[in-house]
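Okay, here's the structure, questions in a sec.
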Amino acid sequence: MDQAAIRKILDDTKAGRLSVDMALKRLQHLPYEDISFAKIDHHRHLRQGVPEVIFAAGKTEAQVIRIARAMYKKSGSFLITKATGRIYKSLKMKSAVYHPESGVISLGGEKRKSGNIVILTAGTSDIPAADEAAVTASFLGSAVTTIYDVGVAGLHRLMDRRELLKEAKVIIVAAGMEGALPSVVGGMTDRPIIAVPTSAGYGTSFGGLTALFAMLNSCVPGIAVMNIDNGFGAGCLAHRINSIR
Amino acid sequence: MDQAAIRKILDDTKAGRLSVDMALKRLQHLPYEDISFAKIDHHRHLRQGVPEVIFAAGKTEAQVIRIARAMYKKSGSFLITKATGRIYKSLKMKSAVYHPESGVISLGGEKRKSGNIVILTAGTSDIPAADEAAVTASFLGSAVTTIYDVGVAGLHRLMDRRELLKEAKVIIVAAGMEGALPSVVGGMTDRPIIAVPTSAGYGTSFGGLTALFAMLNSCVPGIAVMNIDNGFGAGCLAHRINSIR
Amino acid sequence: MDQAAIRKILDDTKAGRLSVDMALKRLQHLPYEDISFAKIDHHRHLRQGVPEVIFAAGKTEAQVIRIARAMYKKSGSFLITKATGRIYKSLKMKSAVYHPESGVISLGGEKRKSGNIVILTAGTSDIPAADEAAVTASFLGSAVTTIYDVGVAGLHRLMDRRELLKEAKVIIVAAGMEGALPSVVGGMTDRPIIAVPTSAGYGTSFGGLTALFAMLNSCVPGIAVMNIDNGFGAGCLAHRINSIR
Amino acid sequence: MDQAAIRKILDDTKAGRLSVDMALKRLQHLPYEDISFAKIDHHRHLRQGVPEVIFAAGKTEAQVIRIARAMYKKSGSFLITKATGRIYKSLKMKSAVYHPESGVISLGGEKRKSGNIVILTAGTSDIPAADEAAVTASFLGSAVTTIYDVGVAGLHRLMDRRELLKEAKVIIVAAGMEGALPSVVGGMTDRPIIAVPTSAGYGTSFGGLTALFAMLNSCVPGIAVMNIDNGFGAGCLAHRINSIR
Amino acid sequence: MDQAAIRKILDDTKAGRLSVDMALKRLQHLPYEDISFAKIDHHRHLRQGVPEVIFAAGKTEAQVIRIARAMYKKSGSFLITKATGRIYKSLKMKSAVYHPESGVISLGGEKRKSGNIVILTAGTSDIPAADEAAVTASFLGSAVTTIYDVGVAGLHRLMDRRELLKEAKVIIVAAGMEGALPSVVGGMTDRPIIAVPTSAGYGTSFGGLTALFAMLNSCVPGIAVMNIDNGFGAGCLAHRINSIR
Amino acid sequence: MDQAAIRKILDDTKAGRLSVDMALKRLQHLPYEDISFAKIDHHRHLRQGVPEVIFAAGKTEAQVIRIARAMYKKSGSFLITKATGRIYKSLKMKSAVYHPESGVISLGGEKRKSGNIVILTAGTSDIPAADEAAVTASFLGSAVTTIYDVGVAGLHRLMDRRELLKEAKVIIVAAGMEGALPSVVGGMTDRPIIAVPTSAGYGTSFGGLTALFAMLNSCVPGIAVMNIDNGFGAGCLAHRINSIR
Amino acid sequence: MDQAAIRKILDDTKAGRLSVDMALKRLQHLPYEDISFAKIDHHRHLRQGVPEVIFAAGKTEAQVIRIARAMYKKSGSFLITKATGRIYKSLKMKSAVYHPESGVISLGGEKRKSGNIVILTAGTSDIPAADEAAVTASFLGSAVTTIYDVGVAGLHRLMDRRELLKEAKVIIVAAGMEGALPSVVGGMTDRPIIAVPTSAGYGTSFGGLTALFAMLNSCVPGIAVMNIDNGFGAGCLAHRINSIR
Amino acid sequence: MDQAAIRKILDDTKAGRLSVDMALKRLQHLPYEDISFAKIDHHRHLRQGVPEVIFAAGKTEAQVIRIARAMYKKSGSFLITKATGRIYKSLKMKSAVYHPESGVISLGGEKRKSGNIVILTAGTSDIPAADEAAVTASFLGSAVTTIYDVGVAGLHRLMDRRELLKEAKVIIVAAGMEGALPSVVGGMTDRPIIAVPTSAGYGTSFGGLTALFAMLNSCVPGIAVMNIDNGFGAGCLAHRINSIR
């Protein structure tokens, strides 16, 4: 249930198509739905600008599917992150789309895309996080451009795309290993930058921790940092910023 | 040297008040000034939307003052972070202002303030980081509102200020200890939120590390996280977002 | 062998139904039973208010079953934590109950439930720890109420249950990720609160460490913290407190 | 403002000594007082069973004193933790008491002491945390018994005091280094045990972290663990438990 | 090739049964054997009192077997640690013995056992490390007594065995979780104590790190600490001490 | 495309066999090839002395093969690290070689070997990293000598090879566990030493972290340290040094 | 009160010089003395072979002196570790000796020295820990030989002292930085080796943690490891081993 | 005593100016000098290409001076790192030079400088480490060029100096915070690169640990990494490489 739906209720009420009591009932309709092991927060979109999203990793397959169906019934759309092809098959919903690179399942979402979010990766191994961000932001209604594999070991690959950066309203940079790309990009633009450390690497990459700390210590001030591999969060934040008028 | 100055050069050129050669010279004027131990990056404002700022902590008093004077000569303004009252005295510049709560010294800065950045702290001990963010964002040209000491142990203090949150274009939340305030604020708004972990606390607060990780793991998606006590970075990011049109 | 059994021996002795020598023998009966690789501590209930419990994770299937049978013979009841469905099948004891959400196997336990322990979780992924606590406390004789999925991203879900909190004698809160729920609950009640960090999350959740440290640093004073995923310990402590008269 | 004060308002109202409007006004009186850099939470006692306490470590001397005076005016009592003799002198309040071993300053507090909290330390170096717990619990209205320097290297010292443990309603154990004392005490009693790791030790004691983790991993189930050196929190929790009827 | 063999060469030389040249040749016989990927150190027993032992974990099955055979050829005995039943089967050597609890494979070893090493465990899950120590020390020629499952949660189990401790020349204590048992044992004896932290536990036991640090911080001075799960090292050290005359 | 190829273009131009325009085109030919998910950096050899290498661990099998083929087409050679036998089979390229000990796949590479790199390991378990270094350096054109299993527990094994060390131009030392070998070797030579910590060991070896830190703290000054198990990096650095004239 | 004193009581009893009742009284004389903030454990020597020792670091000057005097009165000797020259002056006891390199104060102690403990350091900065071990072991009655500054960067310095190692009954090795010396010494002897990591070094020496972990991972099996800078513990353990007959 | 001195002895012997016995004696002259608390390793230069250097941080002022004088007497030169102005004054040696930026004291050293080492810093705060490297390498006989304050936030500052990089034989890069500069430099050159992480930064820079790990994880293969702030080690390694012919 998004802002448009709310506005419709209010418009209908104003126009006399809906009684005040009925409108109240619809609006006051419990903001979450209790399905015993989960309280689905249908009003979250209204409060936070982002609907409740199903994080599949910590749940059983049965729980994920039951929550997804309850959401679909209410709002006609949902987003599942850190899912698997197996969950997708068990869902048995034709209109759902499975994004294999990030393991996201989406159904519905905002159709009109606006603004411009540019998403960069340092290497090929950072694509899962970047794709999760891209699918999320697009689902929420943001236009997205992706540029992959432009890490600092060969800076000319990035320089060639300099024009694309200028057109961005906000930039997401996903990088593992030493996590240096956000600093370099940050030195080239005045746009807000969201850095996503990824778990690409081995040994002292510590599953992304080194990239995370490098990003938090960037010599370019004002880079927003996300949790490791949290493309979903980056997509949400980019959309929040991209939606500012 | 900011965008307005550049535009003026271009306008003057177009209007014939400045020869192309002269304009070129001014523009190509070395983007940084070499004072041997430091290369001052006068064009940074142009590229990154934020001028180069003097981080005093790792420098000798003499270095800080020499860089500050070089900046003042070129641009008529500067910002020094993590400074001390002693440095302020040695500077001997009347128009410079010392902000004792955060240790920032500012001179000049943008006069017209626009947009609206709301800055919250969980406790009294988080004020230094919040003040650094406030002074920075204000210096860059953003309007700032501060609400201090509204932590989660007494949520009603925050609830009373709910209206102020709605008017924010972007929100900064500084918190130490368990770092829970950004999650609670994030559940109440659709604005971009910038979380600044502070070193307030003791024992397993690990000098802010616990708050940092708590913020990175927020169950509210899309919270931008900064380095510990990095109010300056939060001010820069907030200003970048606040400047989006 | 619990306090009631001891009292019976003493009563029988006083009433002449048991000779002093015989009573002594029964009481002095080795407080633990040596089955070579394990010394079962049958008197632990008497000393600590909680019987010895079988922690299955570090033991072979054969060891777990052999200890469970020895306990059953002596006391007619046992509790096995971190067990699997496979162990349950191999046990082949009809009256034993397998709790799939937490992997606990219970047989017998106190029938009269008293007091009131309220158990909350922040999300669906925290249920295993919460269920372990619930089964344990109930086995020991405490009445238990559970409220799941009321995390801080949608505080209204918790506010709706405020009345239930008031009726609690002690409250258990299980949360992963940023571990903020205990602080918020702690700000609403004067009851003892037991916080259980869970391993739900990824990246810098560090398998529950972030939630653990956040809880230890709560700005609400006096929150009891348990090891990660240690629902069993929370159940024991809650029962100890719930049993105070 | 504690429960007794509230009850008095209600009684006065019932008895006609106070109009309903007046009572409402008193009760609704802003639950916190805004002194700009701090919002004092006068109703916290009512909600959490523990009044707001001033944690001096992160505040300037001037802030601590200003908050303490505001509290004194409202409630006639206050508690300041991690304070110094210097703050005590600057306070210039005759009735305030300075506890040098823990650095606590107290004024007023509950006069009737009830229940029984026993506080143990492993060594002499653990006394500061234990004393902070003792002063806090006593201030809140709990009777307290202390037994210091009974660590596991000489267990007979503890065995001699076994009777005192039996009379406790709740037990606090402060220990640094390997943090083993709570496990040994926990094996001897069925009372709730609150373990406070202290920063006593050097090298791999990691300022109390080793003791903290040892306590979280106790083989005795159901030990409540506090942050390092957090005697104040232990005192609050012990009082919460000690107050259960 | 052990000291006895060396002495025989020298005796034979003295007695004229062996020419000096021949003796020299035998003694100078390369102290290690080069089998290309490994240099087997046959003289290590002579230098260090402990023969080279095959640590199977980091090697391929083929490597382990090839080294074992080369050792067997030279010295008639070997010890393989962290091995598996599969390696044992592939070895196809009748006289080799597989110890399933610790995964050690032994063949030969010293037949006369002397001295007395007592090995304790806190719980059943600590037996693998204890068994590795027992097999190792016994292989090297030490007499060994084991007492398992006598952790601090039920100290009477240990008290009952007090007499056995008095007869020990050196004591090994294996414990996971909070690792408190060595401190308690250390308080009861003047024998050298070797503490082996084990990986038994979960959450903040950090795979044995908490027990390790607790042992290093024991309030009983002079406890020798080993790497996590390093029963082999404990067996070697105990044997070195047990061999002192 | 290496320096020889560039030189040929320039020679051909000078000799009139190639027009300046054509030469320019060939040289300006995009320095990387865009295959959508990867930008292959064909000029890297020219810039960095080492061609772009395929790190297989973070990529899908299909991605690895597609990049390898693109590289083969352009330069007639490639190197894949952290690969598997399965990838090798799927590649279906006869001239490619699979190095099972390190999991490297190589095709082509420099034929003339020059200089002399000596590679040592402390134990058998360190061979994978050493072999990766050996294959890499050899591929790049360096002559390589390997000496395995000469750790500090039996220093005579190293002493016997002292002559080989003297002939080295640069030395690589791979060691896990306590990582002491580089210090000992460093005390015996004036050649540059590259230390590769390996993940061999268990418990507090922390997957190679202990060896890494030991190497960084060597009392012999000037030892170059690599990431854990990074034989590839060691091979590259050794080749860079070995190529200095 | 040491074993000799006990034996005297028993001899006197046997010889009729002391009544059984009187002997019992003397022996049963409280095993510790209660001076309120400390329980001095006078029987510890009897139980553990080492008397209770005063660890000054965590205590006030007044506490240290009061405990030292109580010990002196009972046993005529004491040992204070991690003390300062200032404490020594305040003690005002002529017969006490201050050891400035380790900060130990000793008075009395065993006069007959027996056995042979050899103590090595890698560098000059490791002497404080080594001296603490030497003073402790000597106080307890062991003969001690010290060899300082023989680290692995110049192994010939150690080789020259090889004969001294052979005469040792037990060897203590103190080393900071990479902590490699115990492994090298361990490869040369069959004596028990006690490794003391020291906090010498900087950066990733982590105040001794790197040396500690290196020692725990020694490729030489059976090295006893102590806490960082714990020369006292090493002295106690060495004496326990040195006292074995 | 350096190689030239040795060669002279050999030449004199060959020419008959020195008897073989006398030559042997001079050469065999004890390779270290025993001044009781330190064994000065005068032959180290011969073995390792770098003379023994005095690391002042862990030593008393008196020790430093005594060792420096002993070295001066033997070789006429010395180098002291991590020293202070105070030590310099106490030395009272006119020809010694104090380098205030790095705290190095040097006397003598190689006069002919050869090769070319280029040393870069990311910021002004990284100069101490860079200066230590420069002084060390110069002392050993390498020619050095320094370029300071060219970090990744303003890459054009580095681009301007590209020509200088091409002329380097080996490059040292000192950087704190996110440590990204070595990767960017590494992408522009085929020279060996030595990365020195510095402790510049705050919060999650962890005193240089973040920069260290970032450098170890560089996406440019073959970067040599040093301990934090270890400019001395970088200078030694650079000189070792720079000396290769």
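Letters are used for the chains, namely A, B, C, D, E, F, G and H, taken in the order the chains are written, and counting of residues starts over at 1 for each.
Everything below uses one rule, namely that a residue touches a chain if its C-beta (ideal position, glycine included) is under 8 Å from a C-beta of that chain, and two chains touch if they have at least 3 such contacts.
Keep in mind that what you see is a predicted model, and the values were worked out from it rather than measured.
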Partner chains that chain B and chain C have in common: A, D
Any chain that touches chain H and chain D: B, G
Most distant chain from chain E by Cα centroid: B
Magnitude of the superposing rotation for chain C and chain D (Cα, nearest 5°): 180
Gap in Å, rounded to a whole number, between the CA centres of chain D and chain A: 44
Whole-Å gap separating chain F and chain H, where each centre is the average of the chain's CA atoms: 26
Inter-chain centre distance, chain D versus chain F - centres from mean C-alpha coordinates, in Å: 60
Per-residue multi-chain contacts in chain B, two or more chains: 47-48, 123, 153-154, 186-187, 201, 203-205, 209, 212, 216-217, 220, 227, 230
Touching pairs among all chains present in the structure: A-B, A-C, A-F, A-H, B-C, B-D, B-H, C-D, C-E, D-E, D-G, E-F, E-G, F-G, F-H, G-H
Chain B residues touching chain H - in the complex, by the definition given at the top: 31-32, 36-39, 41, 43-44, 47-48, 52, 55, 57-59, 63, 67, 82, 197, 199, 207-209, 212, 227-230
Sites on chain H touched by chain A in the complex: 122-123, 151-155, 177-180, 183-184, 186-187, 201, 203-206, 209-211, 213-220
Interfacial residue positions of chain G with respect to chain E in the complex: 47-50, 53, 169-170, 186-192, 194, 212, 216-217, 220-227, 230, 232-241, 243-244
List of chain C residues in touch with chain A within their complex: 123-125, 127, 148-150, 153-154, 156-157, 176, 200-205
